[in-house]
Amino acid sequence: MSLLVLDTLTKSFGGLSAVDDLSLAVRAGEIFALIGPNGAGKSTTFNLISGLLAPDRGRIFFDGADITRTPPHSRAHLGVGRTFQLMQPFHAMTVRENVMVGELFGHTVLKSLPAARRDAEEICESVGLGHLLDRGVTALGLADLKRLEIARALATHPRLLLLDEVMAGLTPTEARQAVASIQGIRARGVTILLIDHVMSSVRDLAERVAVLNFGRKIAEGTFETVAHDPAVIEAYLGQDEADGSH
Amino acid sequence: MNRVLRGVLGLLLLAALAFAGTSQQVLAQAGPIKIGAIIPLTGPSGPSGQAMQKGYQLALDEINRQGVLGRKVELIVEDDRGDPPTGAAAFLKLVTRDRIDVLVGGLQSSVSIAVASQARQRPILMAWTGAASPLVEQLLAEADWFFHYHPWQYNNADSTWSFIRSTGAKTATLAIEDGPFGSSAADEAPAFARNYGIAIASTETFKTGAPDLTPMLTKAKATNADVLVFVGFDQDVIPMATQARQVGFSPKLILAAPPGWPVGYEKLAAGNYVAGMALWTAENAAPASRRFVQRYREKFNEDPTFYWAPLAYTNLITVADAIRRAGSTDLNALVAAMKATSYEGPIGVPLTFKRSIYGKNQGFTRLIAFQWQNGKQVVVWPSEIAGGKLLYPAPYGR
Amino acid sequence: MTGRALVRGGLLLAVLAAVVVLPLWVNRTQPYYLQLSINVLIFATLALSWDILARTGQLSLAHAAFYGLGAYTSVLLTTRAGLPIVAGMAAGAVVAVVAAVLLGVLTLRLRGIYFAIATLAFSETLRVITNQVRFTGAATGLVAPPLLGGHRPSQYLVILTILLALTLVSWWVNRSRWHFAFTAIRANEEVAAVMGVDVVRFKVLAFAISALFAGITGAFYAHVFLFISPLEAYSLAVSVGALVAPIFGGLYTTAGPLVGAVVLRAGEEVLRSTVQRGYPIIYGFLLAAVILYMPGGLAGVWASLAARIPRPARRGARGEPAGS
Amino acid sequence: MLIFGVLRSGLYSLTSVGLALSVGVIGIVNFAHGEFLMLGAFLGYWLFVSYGVDPLAAIPIGAAAIFLLGGAVYQLSIRRVLRAPELNQMLLTFGLSIFLQNLAIILWTGDPRVATVSYKAEALAVGPFTLGVPQLVVFGLAMALTIGLYAVLGGTRVGKAMRAVAQNRLGASLLGIDVDRIYLLAFGLSTALAGIAGMMITLQLSVSPFIGLLYTLKAFAIMVIAGLGNINGVIYASLVLGLSEAFVEFYVPQGGGWAEGVFFFLILVVLLVRPRGLFR
Amino acid sequence: MGPTDRVLLRVERLRAGYGRVQVLWDVDLHVDRGEIVCLVGANGAGKTTLLRAITGVIPPRGAVAFEGSRIDARGTAAIARLGIAHVPEGRQLFPGMTVREHLELGAAFVPGAWDHRGETLERVYTLFPRLRERERQAAGTMSGGEQQMLAVARSLMARPKMLLVDEPSLGLAPVLVQAVFAALREINRQGVTILLVEQNVRQTLLMAQRGYVLENGRIVLEGPGPALLANDHVKAAYLGL
């Protein structure tokens, strides 16, 4: 059963196509990774799924329903949650308040402020932000900002979580913690679609991987098969080497 | 809670202000006679208000040379900024804190209404110079204590059209600014023009301060009217005069009625032969006017350019005179004395107060007409005070 | 804890009682201060209602539009249709809200200076229309019937009630779920949307609340000062005044705009009566100086002062023994 | 009618191109722009009345003086809010506008003054039309200056640097362009252009401390029509505004009053339909 | 010239970041005259931040010395005039200006470069013949590859002693990547020292004399390019192999 289906999605900016005829199906309960060089169209894909951009062509289905024209907040209510690659915390708020926004508005259950506060605190605890609840977000370090991104997305109680480069810039220890944390999230039944450049983490996490280059899908499969695909190696390492080593 | 508390503290501050006020409350005593003036010293009407302030100073110097009822007169000037709430507050400050005996001043209609609505609850002699709008007159129809010096809008219109009639013109075209000043003139025009047998060929509006009036003037030119009646502010007469020449529009007469004329207008060749309607001009030949102009020059080292200066002077002088005649500052006595006013001052026309259409005490009701002739404002109408002859048709280009 | 809350509650009640009773007493001895208070409260209502809109990141120059619409609607309905003044004021508020919702929807996509200029243009367009149309009294203006027979203390209580209602709304907005929506939208609309905040709804709601109070205040103004004209009702000075006070006092708070309005108006009154002719130059200079040197407004200064003076309880925890 | 519209657009474009420079290069929407125009007008008036210098001849002096003043204002105030929120920038220039206007009132009173330049009311007959000499002169000069500014921006090192800074600050600074100096220069130039426009007002009209706001608003409208900060679109946008105003004034009954509405309505529509401007 | 003059750029204990987020932690590196040195690392490791700190785009703490004198307190423009050209991430072109204008601007504000602009222009056009064809075209309308070439060409117009290049292959089709790399090699051959940040690891490391591996804002490995390429750590970081 596919939770998310992208059907021939296309989006271009001023003639340059960022996402080109992309079709993809993410199964309920799996961890799916979207990889590819910088500028391959991964973040644009996320923006299309979360509704921040409207596709030029193609359709998006979530849990069987066509959500191509659904506004972003309604998609959040349906269960699409996401993080942002360039962390975008709400600056005038504390860590706890940032997460509370998701608890208050991210789903259809109407929560009272105290309930939202309690649940937000719980989520912060679960991602390791428990000691920073009252901290202003400008005072946070990189790893904590990444955790905050995840916590905020979790607060919307997503069924599908889009993780945009949550590993980038983390120390190996931090990255290992993040991997464990993401696996924990999946264990609670959340389907995960992630973008990352840290290949070791992708290998550890993802059951299936799709590779994008210039907005097109050039490979899809398990990590091992994809990593040995000549087209992928060429995309990552350059032509010369790809030719030379095979 | 904390935020609310702070908000409430803000209100407390107000209360504290009020409290401070009462504690320094000063009892009125037999010191000077206090006269309050509410005029705009800042904002777009500031120049007129400042001219008034100078007129008041001249009058005050004169009054205090011998005093009134053996007391000095003290003038307390409040700036209303052209803002009705400020005017209303100024009124209450003057009446309750400064304990003034008479209120003078006034310019804009909106401020006048705000002040007058307060005065209704605390009657005081209001010797008021401002507001030409008949709305003010209607609102204060019942107020016995309200003395209005400035002609009403329909008085202005009557003078204007009567003067036009005297020139022998048959048709006129109107150019008016789109604010309250111009539009009230436009409201009155048709009835008076008809009354005096003059046909209005067209009415055009412009935005005051607009740099380019040529489209409007071109339209006016097409009407071929004898007279162009131009109702705008000081700065508007420059593009009007110069651009009329540029588009080749030379009616037999251009008649303008700005509150004042820009400094330097007298040197403007294109402005020659333009006629103006005014309550007063510095060229007025009346002896009291000449004396006023001379003293104004001596004291302020400049020429009075606004009729507001002699009007304010007249305002204060007549009030002082009424107090003298009343023998006290009692309101009823003052009103009676004011009603008996007969004063020949710098305005050049005797001032008396009579009933108007709605109001009880109306002062000046007629404007004079003058014509710019080689840098001088030559008074040309009414004939009894005329200092020269109207050149009609205006000899442009000759 | 409860003891402190009790003290605060008591204090609040006392202040409220004082604010309500004061005018009756003041009116007898010093009506000038009552009038000044009315002027200040009008200004404060405009400032705080502007701030509520600003909390969603929409910095409007159209406050005069709602103020003017409220004033004109009420005056036209009371004079031309004979409606009671209370009904007129309510209708004024409703018309302002309708216009605000319309403008809000139209300007949804605009940010920053684009939004500011669009709102300014909206307000000026309304002014020109009012100025040209006969029905609204055109440029000459309209005379308005007095509210409550022109009885100032009662009028004071009316505007005080309006301001208290607005203060409550503002206070509630700042501590309800709305606060989270507004602040999130202001920080980043896209992120807010992705987190489930219905951005359009909250932005338009903020517009409506803001216009509701601006509109009713405009109607109040008309029935207190008895005359309105396009130049005054749609004055740019109203729009600018409404945003100067929150900036001066501290944006996005309930107390900031209120304190800012009180301090600015009171200060202006002091300057007006002492300096007379040249005072706006000081005003302009102060405005520039505040922007340059205290960007957080009075609230910012307050916060930094509070931070600088350590609380006795904390001092012990933070302070280290002299010997160590 | 076309000609009237075209002629008035000259003054508009001169006023707006300065503001567009400030918005485009520095990103500062200067609400005090009209006040610099007013100061230029007073300078022109004063030079004419005291020394008999024709406002046209006084342009170099006036432009230099206003340039220095603008530069000083930049150093003392604008520079400090470059990174501040837009609202603060707006308010700062508001404060500046109130300050300068009231300074002018104190210095010169609020009276309007007129410099009686000999050719103020002269007209030239061109075919069936008669056109005002000062209007023609101002239009010619405004076009020359605007086109001159384009030439400077397009052809000189400093001009190109300004465009570069406008389009990409980081990219410009990496090429060795001192961004802060360019800002100073751009702001000075922006105010100097307003000052020249002011002197042209002295030539045609009268001068008072209150003339600034009208031109600030017109310049805003033109900038919005051109697209905020788009210097190249200013001439076309000025034409659009000048023509539409003249058209309304001429063909609509009571058009003078509606013309202003047209101009605000134009802003509103452009912002709502094409917020990036008509001319890009 | 003493032995220290071999080193063109020296960075010691460099710390930098954005706001309170510190990205670089005590980075030490040096680039010798005539070298190509490359900097590799995962996204977010701090490579771009390092280049920015060197040219003063963000304020650095620690020491940065160019030709033996400290530059860490100087502004970006002043550093550019000393002969360090930075081809930034995202190219940072001026979309409304033509190719020719970009190139002129490149030479306009660097002492000495303006007088030789004709000569430099010829050299640059020889290096990127495509740009000569596009001389009058606005940068915003060009393809990504052409834009990248223009970004490099523009910085060369300053006749720099040193070139810092940030991800020149970003978003380029492989054939264009080859062209850009060939051009960089040729530029280096003509005497310009290069510090290169690239995600195209293999090719970069093969071209470079030396390389540094940056991880979480710290230098974790340093050595000759090919040696790094063989390093398991690098392989693991990039392909998870």
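Note that the chains are named A, B, C, D and E in the order they appear, and that numbering of residues resets to 1 at the start of each chain.
The rule we apply is simple: contacts are C-beta pairs under 8 Å (C-beta built on N, C-alpha and C of every residue); 3 or more make two chains touch, one makes a residue touch a chain.
Everything numeric in this text was worked out from a predicted model, so none of it was measured.
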Report summary line: The chains touching both subunit A and subunit D are C, E
Query raised in the report: Measuring centre to centre, with centres taken as mean CA positions, what chain is farthest from subunit C?
Result: E
Report summary line: Top of the farthest list for subunit D, CA-centroid basis, is A
Query raised in the report: Cα centroid separation between subunit C and subunit E, in whole Å?
Result: 53
Query - Centre distance in Å when subunit A and subunit B are each reduced to the mean of their C-alpha atoms - result: 72
Requested in this report: State, to the nearest whole Å, the distance from the C-alpha centre of subunit D to the C-alpha centre of subunit E.
Outcome: 42
Report summary line: Per the C-alpha centroid definition, the whole-Å distance linking subunit A and subunit E comes out as 31
Report summary line: In subunit E, the residues touching two or more other chains are none
Query raised in the report: Which subunit C residues reach two or more other chains?
Result: 131-132, 277, 280
Report task. Any two chains that touch count here, so list every such pair. Result -> A-C, A-E, B-C, B-D, C-D, D-E
Report summary line: subunit C partner, complex, touching residues on subunit D are 29, 77, 80-81, 84, 86-88, 90-92, 94-103, 105-106, 213, 217, 220-221, 224, 228, 254, 257-258, 260-261, 264-265, 267-268, 271-272, 275
Query raised in the report: Across the complex, what residues on subunit C touch subunit D?
Result: 59, 106-107, 109-110, 112-114, 116-118, 120-122, 124-125, 128-129, 131-132, 236, 240, 243-244, 247, 277-278, 280-281, 283-289, 291-292, 295
Query raised in the report: Any idea which subunit D residues touch subunit B in the complex?
Result: 1, 4, 7-8, 11, 49, 102, 105, 109-116, 118, 120-123, 130-135, 201, 204-206, 208, 210-211, 214, 246, 249-250, 254-257, 259-260
Query raised in the report: Once bound in the complex, which stretches of subunit C touch subunit A?
Result: 175-177, 180-181, 183-184, 186-188, 190-200, 252
Report summary line: Per the touch rule, the subunit A residues reaching subunit C in their complex are 50-52, 71-73, 75-77, 81-82, 84, 88-93, 97, 100-102, 104-107, 113, 116, 152-153, 155-156
